[in-house]
Amino acid sequence: MSLLIKSSITRRIKNQLFTLFCWLTAIVSILVLLNILFTLLAKGLHSFNIEIFTHDTRNLGLRNAMIGSLMMTGIAIIVSAPIAILTATFLVESKKKSRLVTITRFTNDILLSTPSVIVGLFVYTIIVANTRFSGFAGIIALSIIAMPMITRASEDVLYLVSPMLKEAAIALGIPRWRVIIMITYRSAKTGLITAVILATARIMGESAPLLFTSAKNSFLSFDLTRPLESLPVMIFENAMQPYPNLQSLAWTAALMITVFVLLMNLSARWIARDKT
Amino acid sequence: MSHYFEVKDLHFFYGKVAALAKIDTTIEKNKTTAIIGPSGSGKSTLLRTFNRIYELYAGQSATGKILLNGQSLLASNIDINQLRKKISMVFQKPTPFPMSIFDNITFALKLHENLTKSELSNKVEEALVQAALWNEVKDKLHSAGTSLSGGQQQRLCIARTLAIKPDILLLDEPTSALDPLSTGKIEDLIHELKKEYTIIMVTHNLRQAQRISDKTIFMADGKIVEQADTHTLFTQPKDPQTIHYIGNE
Amino acid sequence: MKPPSNFRGDKYFFGLAASMAFSVLFIFILLLASLVLFSWPSIREFGLSFVWSDQWNPVTNQFGAWAAIVGTLATSLIALFIAIPFSMGIAVLIDELMPRKIGKILARTIELMAGIPSIVYGIWGLFVLLPWVQQLQLKLIPIANEMASKFDALAHDGSWLVAFKPIVMFFIQSIPTGSSVFAASIILAIMVIPLISSIMRDVLASIPSIMKEAAYGVGATRWEVTKKIVFPYAAPGLLGATILGFGRALGETMAVTFVIGNVHSLSGLFMPSTTISASIANEFNEAVGTLYPAALVETGLLLFAITFIVLIISRMFLKSAKSKGGKI
C-alpha cells in the first residue's frame, strides 16, 4: 500500500518537473526575444532623428543605405517573383511525372538551403571578378536567394487549387494556359502574394550576399553599375567600429530593418487570414 | 442508320489497367440519357471520355470510336477546345470561378466569340434565364459567384455552360451535393433544357433517373450491362445484375 | 471541327514555364562550376591536405580549412545541444500543455523570432551577449588558473591525472573578450530554435490522437506519455527537424561573425575561433592575391558540400515521418 503511494509521488514529481521544464523553455525564449526587441528599440531610437533621412552614411545618415536597400530588394523581387511562380506552375501543372520535375524540385530545395554567403561568393566569381562591385551584382545575388523561397511557397499554394475547378474551366473549352492564368492564379492569389511578401522581408535583411557584390558606398547613388550602400552592409561595417556614433547609427539601421521585416511579416499574416 | 451520338467499341485505360471495356451505345438528340450503376462502375469515367477531359492526366487513354453526327471525336486533328464548346460538362460539386457572377458566365464566352458589351449582357441574361437563376441574381450580377448558395452556384455552373451554346450537356451527378429543394429545381431545369439540348447524366439516384431520363444505361465493372428506354429498364429489367441493383434501391 | 488553334498558346506558355524551371538547374550548375573554378588555384596548390591542415597564414600563403571546419561543426553542434531541449519544450508546450488560443499566440511569437534578420542577432550578440559572456569568463579565469596550477602540481608528482588537463582546460580557459565558441553557439541556438520547434510542432500535431488517448486512458502521466509514446513515434520527424536546424546553423554567417573572434584555431569553449562562413565574411574583401581568395572560396565549397549532405539526410528522416501519418 505504501509502495503504491511512493511511486505515485515520484511519478508526479517527474511529471511536474517536465511541465515546469517546458514552461521554462518558453519563458526563457520569450525573455531573450524581449531583450532583443527592447535593446533594439532603446539603442536604435537613440540616434533616430530626421537626419537619418536627409544625410548619407558619410554624414551620419542612412539615406543612401535605405535607398540602396529598397532599390535592390525591389528589383530583385520584381525579377525573381515571375520566374519563381512560373517555375512553381511548371512543377504543379506538368502532366507527366517527368524527371525534369523531380530534378527541378530537388535542385530548388538545394538552392533554398544554400547559405547566403555562398550565393554572394558565386555572384562575385561570375560578375564582380570580371567587372566591379555593383548594385546589379547585389540584385542578382538577392534574386537567387529569393527565387527558391517563392517557388517553394508558390508550389504549395498552387497545388491546393481544386482540380475540379480547373476541370470545370477546361470543360468549357478554355485552353489550359488561360485556365492557369485566369483561374488558378486567381484562386491562389492570396497565397502567392503572401509568398512574395515573405521573400521580400527575408532578402531585405540579408547582409552576407551583399558584402561581395554591392559592397558599400558612402555617397548617395542611384547608379546600379557602381557599388551601392545598403542597410545590412552598413550595419556590418559600422557595428564593430570603435566610434560610439557609428555604432549607434548601426543600431538605428538594425531597428529600421527589423521594423520593416516585422511589418511585412504581419501584413503577410493579415492578408492570409481566414476570410470565412 | 446513323445516330446522333454513337459510341463504338470504346475501351479506357488507366495506364495498363482497363477501366472501361467494350462500350457500345447510342444517344438520341434532344433526349436525356441517364447512366446509373454502383460506385466504381465507370459511369463518370465514361462521361469523361466524351469531352476528352481525361487527357489532362498522364497515363489515361481511350481506344475505339465516339461519333457525333458521324464525325469521330477521338481523332487527333480535332480542336479540343471546340469539342468542349460543343460538349460541355457540369460537375458534382459546384465550381464557381473566383470572379463575379457576370464574369463567370462571360469568361468562356469571350474566348470563343467576339461580342460587344450589350451582346454580352444579353447572353448573360439569356443563360441565367435558361438556368432558372435570373430572377435571383439579376440585381447582383457583379457580386462574387462564391457568394451564392450551393444550389444557386450549381445553377450558375449550368448557366455558364449554356452560355456557350453547346450541343450536348454532360452532367456528372449534378445534384449529389445539393439539398432536396435545390435538387428538385435542377431536375425541373433539366427537363426544360432537353428541348434545346441533348443531355447525358450520371446519377446514383435511381428515382431521379426514373423521373427525368428518356433512356437509361446501367453499368457495372466498367461495362454496360443493360441499356433501354427508362420505362422499360425499370419495369422489365432483363439482366440479373440490373434486377439486383434496381431492386436494392 | 476547326484544326487546332489555342494549342499554340498552350505550347508557348508551357515552354516558358519549362524554361524557367531550367533556369533553376542552370543556376545551380553554374554556381557549382564557378566556385570550383575560382578555388582551383587553392585546390591545385594544397590538394586534399587542405581539408585537414590547420595552417592559416595569409603572409606565407599557407592555407588549410581544418580550423574553420572544426569551428563550424563545433559551434553548430553545441548550438543544437542547447536548441534541442528548448525546441522540444516549446513544441510540447504549444501542442499539449497550452490552451489552443494561447498556444497560437506563443507559436506566432516564436515565428516572429525567425523573421528577425541574422545581422540584428549579430549586433545584439556583439553588444549584449558578449559582455555577458565576458562576465562569465572573468569568473572562470581564477578557476582556470587554479586548475592550471593544480595540474602543474600533479605533473610534478607524476600523476596520471595530468592526462585530463587538456580536456578540462578546453572547457575553462578563456580570453576575456567575450568572443568565443560559447557565444557563437548561444546565438546560433537562439536562431535555430524557432525553426526546429515549429517543425517539431508539426510533427507532434500529426500524431494520431488515438495513440496518446490510449496511453492517457491507462493512467499514464503527461511525461510518461511523451517519453514512451510520443517521442518514439515521432522520432524520425523530430530527428529530421533537428538535422534541418543543424544545416541552418552551419551556414549562418552574420550572427556568428560578430561574436566568434575570427581566429583560425579551436582551443577552447571560451576561446575565440572561427567558422567557414564567418571567415569568408570577414576576410574575403581584404584577401589579396589569387591564392588567398581561392582558399576562402574553397572553404565555401566545403561548406556547400556539408550543407548538401545534411539536407539529404534531413529529407530522409522527414520523408519517413511523413509516411507514418499526417502532413509535415
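As written, the chains take the letters A, B and C, and residue 1 is the first residue of each chain.
Operating definition for what follows: a contact is a pair of C-beta atoms (placed from the backbone, for glycine too) under 8 Å apart; a residue touches a chain by one contact, two chains touch by 3 or more.
Bear in mind that the values here come from a model prediction, so they are computed numbers and not experimental data.
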Centrality ranking, top chain (CA atoms only): A
By number of C-beta contact pairs, the top two chains: A-C
Euclidean distance of C-alpha centroids - subunit B vs subunit C, Å: 57
Inter-chain centre distance, subunit A versus subunit C - centres from mean C-alpha coordinates, in Å: 18
Approximate Å spacing (C-alpha centroids) for the pair subunit A, subunit B: 47
Shared-contact residues (touching 2 or more other chains) in subunit A: 175-176, 178
Numbers and ranges of subunit C residues touching at least 2 other chains: 6-7
Per-residue multi-chain contacts in subunit B, two or more chains: 80-83
Complex contacts: residues of subunit B adjacent to subunit A: 51, 53, 56-58, 80-85, 88-93, 95, 97-99, 107-108, 111-112, 157, 160-161, 164, 170
Residue numbers on subunit C that touch subunit A, as the complex places them: 6-7, 9-10, 12-14, 16-18, 20-25, 27-28, 30-31, 34-35, 37-38, 85-90, 92-93, 97, 106, 108-113, 115-124, 126-128, 190, 193, 221-224, 226, 247-248, 250-254, 257-258, 277, 280-281, 284-285, 297, 300, 303-304, 307-308, 311, 315
Touching residues on subunit A, where the partner in the complex is subunit B: 95-97, 162, 164-176, 178, 182-183, 186-187, 189
In the complex, subunit A residues that touch subunit C: 11-12, 14-15, 17-19, 21-26, 28-30, 32-33, 35-36, 39-40, 43, 83, 86-87, 89-91, 93-94, 100-101, 103-104, 107-111, 113-119, 121-122, 124-126, 129, 144, 147-148, 151, 175-178, 180-181, 201-202, 204-208, 211-212, 215, 232, 235-236, 239-240, 247, 250-251, 254, 257-258, 261-262, 265, 269
